[in-house]
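Take a look at the structures listed below.
Common to both upcoming complexes is subunit A, partnered first by subunit B, then by subunit C.
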Partner chain A sequence: MHNGEHELTAGPLPTHQDVARDVLGRFQDLGHRYWGWVTVLAFLFVLGIVGFIIRLSEGFSDENRANWGYFVATLAFIVTTFTAMPVISAGLRLAKANWRRPLTRVTENMAITGLLVVLMLIPALIALPSIEGRLSIWFEFPLGAPGVWDVIGYGTLAFIGLALLWGVALPDLAAARDHLPASQRQRVIKWLSLGWVGGTRQWRVLYQGSLLAGAMYLLTYPLVQTLMISDFHHGLIPGLKDAIIPATVVVNGLQGAVGMTLLTMYLMRRLGNYERYFSVEQFWALSKPLLAFSLLWFYFWWASFITFWYGRQPGESEVIRLLVLDEYRGALMISFFLNFIGPLIALVWNPVRRSVWGPALVGTGVVIGALVNQVRLYVSAFSVADPSQHVMHPRPATQWPDAPDLLIMVGAISGCVLLFMLVSKIIPVVSIWEVGEGLRLVKVRRYLNRYARVIAKSH
Partner chain B sequence: MYYRRTLTDAQINRELLDVVLRTPMWWVVIVSILGLIVAGAASAFGFMMNQGLGVTGLQQPIFWGFFITNFIFWVGISHAGVMISAILRLSQAEWRRPMVRAAETMTVFALMTSLLQPLIHAGRPWRIFYWVFPYDWARGIWPDVRSPLVWDPTAIITYLTSSSLFVYTALIPDLAIIRDRSTGWRRTVYGILALGWHGNPRQWKLQGIAGILLSALILPVFVSVHSIVSWDFGVSLVPSWHVTVFAPYFVIGAVHSGVSAVVTLMILMRKLYKLENFIWEEHIDAVARLLIVVATAWLFFFWLDLVFALWLKEEQEMTVWHLRLFEPPWSWLFLVFIVCSYIIPVPLWMFRRVRRSFTWMLWTSLLVNVGMFLERLIIIVPALMRKGPWVFTYDTYRPSAVEVTLIVGSIALVAFLLMLFSKFFPLIPIWEEKEGQKLIDEVKVGDRVVPALVKEH
Partner chain C sequence: MANTKLMGLFQDPEQAAGAMTKLKENGFPVEDLDVYSGSPFPEGSFGEHEPEMRLFMFPLVGALVGFAIGLLWTAGTQISYPLVTGGKPLLSIPPMTIIMYENTMLGAIIFTVLGVLFESRLPRRKLGLYDERITEGYIGIIVDCPEERASAAETALQGAGAEEIKREEG
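Showing the complex of A and B:
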């Protein structure tokens, strides 16, 4: 296809049956390696819970609010990467991108991390100071703001994500139900398949439902990121008035989602032998939005910076010093390199984009950069002693993570991967029906002096 | 979807070169009318130069009015070219083909018109040179090199140069076609412009590479132009202007108005130039889908601007927004703006029947641009009315007849230039249409034959 993987010829493409046989075969026998990884991840997750319990034992008060900075940064990182991944499949399905088919399930399975996000949100909300007397997006809105509304927002995102995951997986659950021998696992899958038989009406509902749920996820995600950044960052830093920051974190989320998808696909190729599904085409195609989001992230950041730089009002100057020039300069530099300079330098080159390693490497950098950026944004905000001031004074010192912080970060990230792996035991990680449908729409024909793919427009 | 009509190369040549190779009477009539309007606007400008800026509605403290609004409006319209042409070319959207040339050309003419606005706004344009360039070397006076009067022309002229290059590069194969069908001096001129194009594989390869490279290189320029215009506002401390979101808000607003203008232009072109074989319902359907996304993103930025304007609860900021939202005539204009820009068009575009109706799309796209013009006016004037805490005049800004004439003249000027362009060059790229025809195919899926497309890469 590309990158010397295989040249396009007039030979027959695999059929739907080939794909079903292959994916369900792997799905039936997960192997020792799978259980090895599950054990390691579960251990790390337990360590994270230990870190959380230590943090919890220190309690919640205005004096030790800074202790929760890394916890909130981890929560924001999960929202920015894992929970953002269904946006990729929803967007690509709406755009009818044919190359999406092998990777949609991987991204949708990550919707399960929405449950962990909702659980982590509760202590994060408790750690927040009262909105009385300080600036807030809620403008002293009475009905339980921000807690109730944040839980509703995050809960809605998690619910839509799970509905999307379950709804789109129904045909594959039915295929797994019919393929697996009778067992506890098969019974669970049978129950989850909701009696799917593939009738015309069922397919019509599935198509419409997947588009609707995808569109709702796409619309809810920016809302959740807006809640996150305004409640846990913007409202805690005196003098900060940055209207663009919700858009910046949404773009950072899309960047993180693409980066995490690339990383996941790479690991599945290496560890799960899924080369035939995650080919260069998927890496190449995803590298383009990754470059676009990287440029956009910088542009949004720059729009914010230049406005403050020229404004030079006392509050703005202190904010720039805290987040850009002094205390969190190092974090910004790392993030700047991994989220902008690195992708720009690497991905402008087509040979890098048209490879497996290139986009995967850049994607990994983007994910790390996203983590560092969340630390910069949220740890700094939670370190501010008095959010009710008009101008931040004094600026808080740089806060480094301690042992419980590190345990929480490692544990929460491992927890997300663990959830993904557990879901993959119930729902195949490659969407059999979508890949099969794609194969029916693609033909290889002679075009001028070479073979080319002809893609039918299903709509 | 995109291949309903199969056209031969000869038919494409004949239909797209119709106006280029002969001069229909309707073309003469329309160009004459537009020329008269432009002449009227030029006379109004002459009158204003003679009488001074007192003949406009500008007065203390509002020194930016219709001309600056119109400047931003036309810079916004110019964003259509790159959005349609460069981004859709890079993303290989097949439906781009009939609209790229018109969008690119409109970009160039809209930019030219936008550049005229600050000159007109200066009242006596030569004064701009005093403000921009050093005029007294002995004392080292360089009045204000950091002024927007330096930023904006630099950005716009860069964009104009690259857009013109973009139009020209894509025009070369078509120029060769016209050269081969012309005689006399026209053949000589088109021959020079065609740069010896013969369509050999090397030339096509270079042309393709140039198209892709220019598409990629023009994107940062595209974003920077309206960002810089927005920073004229954003980096000041005028209440409601000192907002970080202004740059992307202006850019996405520009794309919204620019792409809507392309829809208007395409529908008018289709009718006037009888391009039914090239501009189909499917094309405006696809643009309308794009517009739904763009408009919704724009609304998100507008919402951010509004919410964060109220964030610090500063009195002056609140006063400006109160003026915009609750005090006539601004409240009425605000209502018209939001209804025209989003509330009417976007819900209507959700319906496939509307998206595929040329009449509906013509009116809704026009509405968007009425709304977007008002948006710029509402951003500028109320903020200046309450710029300082001490306001000694509470009179509102009223554009004079001279200003209105010049605004109408600017619209006529862009239309006039587009009509002139269409007389000498095809408004739809002939080679792109032919290429599109070559990529058409059909595939049997189940018991149906469905349209298919050869994947370019």
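Showing the complex of A and C:
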């Protein structure tokens, strides 16, 4: 809704009413195109379930553990991209960034993928070997680690995400309740709106509640990434003792979240005609943290690598060979290019940053790089035959995906997009009230020989 | 003395703010006035009453409860199943910290959700005096007053330029 500065004129800006009518009009529409996409995604998701059942039929024994590597890598990819997206809106809301307004709901709607993450976590935990006799962050209480603690951690993140999504969406659910014709869908929306009327007290509570829930999401996301990397990677590779790897994966998650947000906004522009809301301003603004996270991606990787390189203990040498120099060198190179070199080369140029296609293209590369990097981290870890060794011997060979793995990867990613599309027809995909509030705080004023946008602080 | 509720609907926020001023000038206590809107306005924009809230207490209490449960759970299980490993202390603090942290966050969010529902008085089964245009950007000024003062409130709302005035039925 906020155009780049070169498009500024003294003409009237759209009003809250314009935004409400436009967003609700699109929201109401459930055309053939929408159902076509839903059908395709549902079919792919079912294929993923078929792949999962094939893996399930092969069992969870230690000999079959490597079969679950791609399943866990897919889970980690979802946590690193889709489920990380609410972090963007939470952070930008805390920072009171005005340009965030049109994109917060897109990122918050992705919190729904937390449900799929919790479901996928259960078989992933069953596939883990016993913690006895190997490195682990847990004490050896027989009934807890890591299953109960991981489920609580992931479940907490999913719960916070859903609370954030629902709470912040209450005013827009009320708008949909008020303006949709009576139907089953409208009744569900009415129930979800909880009787919101938009009184002074309700707005004050919503404002504080959204900040609190957002801060909690920001605080819990690193915990979940720490559990993920510790239990499904670090604890399975003999000789791997990387003190900064939890921070590394959190930074990777933030980069993945920005990349996926850019990709989602681009697709919504192209497929959903949301150009008014996702303009150059949003792409330009997000490209800056994307560049910063890409530099951090390298910094954290390098800091880990150099420690092992200088350490040169037998166990450390084997770890470097597995993850960097030999078996997963190709995966690292792809990730290195897509998560660091590519973004660095592209995003240092202002014309690329200040465009729609540039950040979207880099974001797509970042997402692909994130997927390849999760394969490198988690497939390698799950293919280690005996995690209780001090030195990995023999090193596992590169494990390529077979048919069930591909089905699971495509199915789970499609499942996330499907959930997003379904929830976006219950909760409008652009936050009407946030955009409406932002419009009221913006005035275009004459400044010397040009126009300038003046933005008031809301609080 | 029976009370009634009126709502004046305004498209222009300036007029809504003027209505609030008029109502206060006519002796309607600010605590009996409320503003309904489709998006939030900066605090005090309409000269409205600032409701007292204690939302920040909820996550604090929830976090303390969660932390206590986490502490009891982890310490309790390790003491109940004393597995001494390599002569190390029975209570293993680093993993306990992780579990206490996630319980703290879980407690905090559960209490926050309850706090949001309690403080915003939700869920409401009936919307009461309301207009669907509010979610399109209109402002609703709600006046809660004794029956005999309703006409004075109506006059003030009308004078400020209300597009429509609604009165609570029954």
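Worth a mention:
The criterion applied here is as follows: the second predicted complex is superposed on the first by the 449 of 459 C-alpha atoms of A that agree within 3 Å, B and C clash if a C-alpha of one lies under 4 Å from a C-alpha of the other, contacts with A are read in each partner's own complex, and residues count from 1 in each chain.
One rule holds in what follows: a contact is a pair of C-beta atoms (placed from the backbone, for glycine too) under 8 Å apart; a residue touches a chain by one contact, two chains touch by 3 or more.
A quick note: this is a predicted structure, and the numbers were derived from the prediction, not measured.
Of the two partner chains, both subunit B and subunit C are touched by A:Ile137. Contacts of A:Arg440 after superposition on the shared chain: both subunit B and subunit C are touched. In the superposition on chain A, A:Arg453 makes contact with subunit B only, not with subunit C. Subunit A is touched at more residues by one of its partners, and among subunit B and subunit C that partner is C.
Look at A:Lys241: by the touch rule set out above, it reaches subunit B but stays clear of subunit C. Judged by the touch definition given at the top, the superposed model places A:Ser383 against neither subunit B nor subunit C. When both complexes are overlaid on chain A, the residue A:Thr220 reaches subunit C alone and has no touch with subunit B. Once chain A of one complex is fitted onto chain A of the other, the partner contacts of A:Gly198 are limited to subunit C, with no touch recorded for subunit B. Put simply, subunit A uses residues 137, 139, 440, 458-459 to touch subunit B in one complex and subunit C in the other. Per the touch definition, subunit A reaches subunit C in the complex via residues 15-17, 20-21, 137-145, 149, 152-153, 155-156, 159-160, 163, 167, 170-171, 174-175, 178-179, 194-209, 212-213, 216, 219-220, 223, 226-227, 432-434, 436-437, 440, 458-459.
Note for the complex: subunit B touches subunit A at residues 1-2, 220, 223, 227, 231, 234-235, 237, 242-248, 300-301, 304-305, 307-313, 441, 443, 445-446, 450-455.
Touching subunit A in their complex are the following residues of subunit C: 13, 34-43, 48-51, 53, 55-56, 59, 74, 77-78, 81, 83, 85, 92, 94-96, 98-99, 101-103, 105-106, 108-110, 112-113, 115-117, 119-128, 130, 132, 134-137, 142.
Residues 135, 137, 139, 222, 241-247, 295, 299-300, 303-304, 306-308, 310-311, 313, 440-441, 443, 445, 447, 452-459 of subunit A are the ones touching subunit B in the complex.
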